[in-house]
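You will see two complexes here that share subunit A, one where it goes with subunit B and one where it goes with subunit C.
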Partner chain A sequence: MSRVGWIRLAVIGTAIGLLEISCRLGLIDHRVVIAPSEMVDALVQLLISGQANDQIARTFGIVTAAVLISIVLGFALGVVIHALPRLREALDPFFATYYAVPIFIFYPVMIAIFGLSAIPILLMGVATALVAMIIGTLNGLDRIPRILTKVARVHQMGKLSTALRLKLPAAAPHLFTGVKLAVSYSFIAVIASEFILAPAGLGRIISDAYTDFDNRRMYALMLLLIVVATLVNMTLHTLDQRWAARRGLVKSWS
Partner chain B sequence: MTSTTLPDRQFHASLSGVTRIYPGAAGQQPVHALGPVDLDLRRGEFFAVVGPSGCGKTTLLEVLAGLQPATAGTVIFEGRPIANEVPEGIGVVFQEDASFAWLTVWDNAAFGLRRSGVSEAEVCRQVDDALSFMGLKDFTRAYPAQLSGGMRQRVCIARTLVLQPRFILLDEPFGALDAQTRLLMGDEVLRLWRRTDATVLLITHALDEATMLSDRIGAMSARPGRFLDIVETGWPRERDSTIVGEAQFGEITGRLWDTLRGESLKSVGTG
Partner chain C sequence: MVVIKRAIDTLIVFAVMLLAWQALHQLVGDTALPGPVPTLQYLVRFLPTARFAENAWATLVSFFYALILSYALGLSIGIWMGVHRLSGAVGEPILISLYTLPKITLYPVVLLIFGLSTSGRVTFGAMHGVLPVALLTMNAIRNIPLVYLKSARTLRLSKGQTILTVLLPATVPEVISGLRIGFALTLLGVLLAEMFAAKHGLGFLIINAMQLLQAEEMVSVAVVLFVFAVVANALLLIIEHRLHRRV
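After this line comes the complex of A and B, so read on.
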């Protein structure tokens, strides 16, 4: 592990250690926050009991579906918008301000239309992630070196072969940025939607545990979400770093 | 050193009355970039094109390669007309870095061969040979980003070389390199030319580079580019960068500059 990695680990370890000590010494009220070791114990017990397995599967299933739909649809829309410069010019202001608008205000509308089910949550996940993928696709397509088209012609490559073997790999780093953002945004949107109003799911049972003052259950589930989200993002980040290093692209966060 | 009257022999590629006019954008006049140009390239010769910036050198190369159509005139390669399509047997090395950032040096070099359906054993043999020839055998697993600009350009040359083109077009391939590296790369291109027996057309803005490398040099006018003079250098085929010290080198470069000075002034707007 690099020196920076060790420092990062030390910061996290220190924060957890301080929280543990504060909880054990009673500096932090047990009714407010439980000790990290207790969170881990509660999570292990919860997973062994299998009580939350359906909720976990449901939430991660919706997140996965939202991510996949966002990536496929966002890429397709990005390609179409890139091919139509006037449409792009018209849409650019919407893309630029999209994340300044709290699109969660549309969640009640989604529930009114589709009922209290997984569909409004899935749509919120897609709606939040889609534009990130479209923007990532547009950026990627913008940055394909024009020289590659000439190289393709010298190699007598057709349009499809050029797109798959040259343009797609050339655009890949920016597409991957869109993918990373789509994963994060979908995750946040799905959990938040479940937390606000949903028949089931991790967000819903965290909300229920909060309402019931069931701290052990609430923190166990929160820990699960943090661990999964961190692992997914770390995996994506590691892949991104590896590819960036190959291409000589310097990333500020190493 | 003489002005050439081409001998009556088979030409590898010919341009006859070739003109290229780019259509103007909305509200703008069309741009007459090139021509009319007539040129016959002998099989196996090294021909350089020099001229002021914006005179249509790259346009000439792209028309000759089939990368863009001529507005008028005909382009013949190996007896067949070229019509906006790159024929088999032509290899192009561009000025810009055209290496594939996502592939290793080895995979970059193998790219064209793999597409052509050659057996993997043959791909290995030819790629290893080309990379060794270009001095890249110790960098086969490196990615282009890990190499210098000159080495990346060598990767592109290797990628062209493995396809064994009979006509190699070089569009200012050393434009981004420092003077010493350019001299050394020039030696490598000469070695490549001797080994392949290909016809080479080099586009360059550097008179010394053109003089050192070429059998003949075409000096172009400011836009629209036309050949003002074609100089035969008379160098032996076995030559390298040491000829820059010869008196004849200075004479040829001086003659080219005499031809181009006025045109260069026109191109920068002071002529």
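After this line comes the complex of A and C, so read on.
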């Protein structure tokens, strides 16, 4: 690992260590935050007991469904919009504004329409992720070099093989950025919806544990969510950077 | 001409959205989703009431403090991490993973610390806004072309002059993008906090209206927030474009 990596590890380690010590010494009230070691212990026991398995499966199932729908639909819509420049121009302000609107204000409306079930949650996940995938697709298609179309013509390639063997790989890094954002946005939307109001799911049981003052359970579930979200997001982020670097793109954090 | 064409495009998109709303209303009925016209009628009656004013004010106050906190902290962290390369290299992945975290998970912790108070909502709003501001500010400083600094030296500019005439204008457009995203996310954070647990605010009003099956009020408040977010974003975008063109 690089020097920077070691320093980062030390910074994170120190932060967790300080929290542990403050909790053990009673500087932080255990009714507010429990020691990190206790969180890990609570999580391990919770996972062994299998009490939360249904909820975990439900939440990650909805996230997966939302991600898949967003990617497929977002890519398809992106291709269509890219083919129609007039439509794209008209939609430009819409895309520029989309993520400025706090979309959760429409979650209660979704509940009023579809009832308190998994459907409004899934829809929130798709609604937040879809546009990121569309924008990623548009960016990718924009950046296919003209020369590739000429190459295809020189080699007398068919439309399908041009699309699959030249265009798709050329657009891939930007498509992947769309996928990466779709995953993290769906995650955020599904969890947040479950927190606000849901019949079941991880967000719901964390919020229940909070209401019951069951800190061990609450922090165990929080830790689980944070670890899973961080692992998934960091993996996608690293892949994204590596892929972009290989194609000579310098990408910023977004 | 281009401006007019764009305005027409925007109007068409807007009209399509209204039609979609009306269609959805026809599909699901009055009790679930009132149509655009009844909602607007309700809105006209609802806006002057004291109940709306009180809750809108509560949201505005939380949002205002959260925004100040987001900007102050975000800019300080961003400048520090942009100028001090090592801190930037160490901190960037940490900030990115915090940025992609579903922060609502941490709201119970904020509640346990602050209780059901304005400070809790302010903290939670700021937790959302700080990260994009910090990340974009850091990027803006890192991306200053080296040739700018060299020309400043060639022209024998003093340190103060360099900052004012070279560094500031070079970074401002990207920093403004950060502030715009920070604005949107801070608003999201404050509203989420109000929707999850609060007794005041527009977020609370929406949830409350849903539970009381007052669909018109629920949709009206959503429309108000939608318009606020869209207008604020448009204004910040205009500033951003102006600055980009100038550089």
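Operating definition for what follows: the second predicted complex is superposed on the first by the 249 of 254 C-alpha atoms of A that agree within 3 Å, B and C clash if a C-alpha of one lies under 4 Å from a C-alpha of the other, contacts with A are read in each partner's own complex, and residues count from 1 in each chain.
Here is the rule we go by: contacts are C-beta pairs under 8 Å (C-beta built on N, C-alpha and C of every residue); 3 or more make two chains touch, one makes a residue touch a chain.
Predicted, not measured: the structure shown is a model, and the values here were computed from it.
A.B. asks: Touch test for A:P169: subunit B only (first), subunit C only (second), both, or neither?
C.D. replies: first
A.B. asks: When the two structures are overlaid on chain A, which partner does A:P102 contact: first (subunit B), second (subunit C), both, or neither?
C.D. replies: second
A.B. asks: Taking the superposition on A as described, I'd like to know which of subunit B and subunit C A:D142 touches: first, second, both or neither.
C.D. replies: neither
A.B. asks: Does subunit C touch more residues of subunit A than subunit B does, or is it the other way round?
C.D. replies: Residues of subunit A touched, subunit B against subunit C: more for C.
A.B. asks: Just to be sure I read the superposition right, which of the two partners does A:R8 touch: subunit B = first, subunit C = second, or both, or neither?
C.D. replies: Touch status of A:R8: second partner only.
A.B. asks: With both complexes superposed on chain A, which partner does A:V154 reach: first (subunit B), second (subunit C), both or neither?
C.D. replies: A:V154: touches subunit B, not subunit C.
A.B. asks: Now for A:F187: first (subunit B), second (subunit C), both, or neither, which partner does it touch?
C.D. replies: After superposition on chain A, A:F187 lies in contact with subunit C alone.
A.B. asks: Shared contact residues on subunit A, subunit B side and subunit C side combined as an intersection?
C.D. replies: Of subunit A, no residue contacts subunit B in one complex and subunit C in the other.
A.B. asks: Give every residue of subunit B touching subunit A within the complex, in rising order.
C.D. replies: Interface residues on the subunit B side: 62, 65-67, 85-86, 88, 90-92, 94, 96-98, 100-103, 111-112, 115, 143-146.
A.B. asks: Which stretch or stretches of subunit A touch subunit B in the complex?
C.D. replies: Result: residues 145, 147-148, 150-151, 153-157, 161, 166, 169-170, 172, 243, 246-249 of subunit A touch subunit B.
A.B. asks: Which residues of subunit A touch subunit C once you look at their complex with the stated criterion?
C.D. replies: Subunit A residues touching subunit C: 4, 7-8, 11-12, 31-33, 89-94, 96-97, 99-102, 104-109, 111-113, 184, 187-188, 191-192, 195-197, 203, 206-207, 210, 218, 222, 225-226, 229-230, 233-234, 237, 252-253.
A.B. asks: Mind pulling up the subunit C residues that touch subunit A in the complex?
C.D. replies: 6, 9-10, 12-13, 24, 28, 31-33, 86, 89-94, 96-97, 99-109, 111-113, 135, 139, 180-181, 183-184, 187-188, 191-192, 195-196, 203, 206-207, 209-210, 213, 215, 218-219, 221-222, 225-226, 229-230, 232-234, 237
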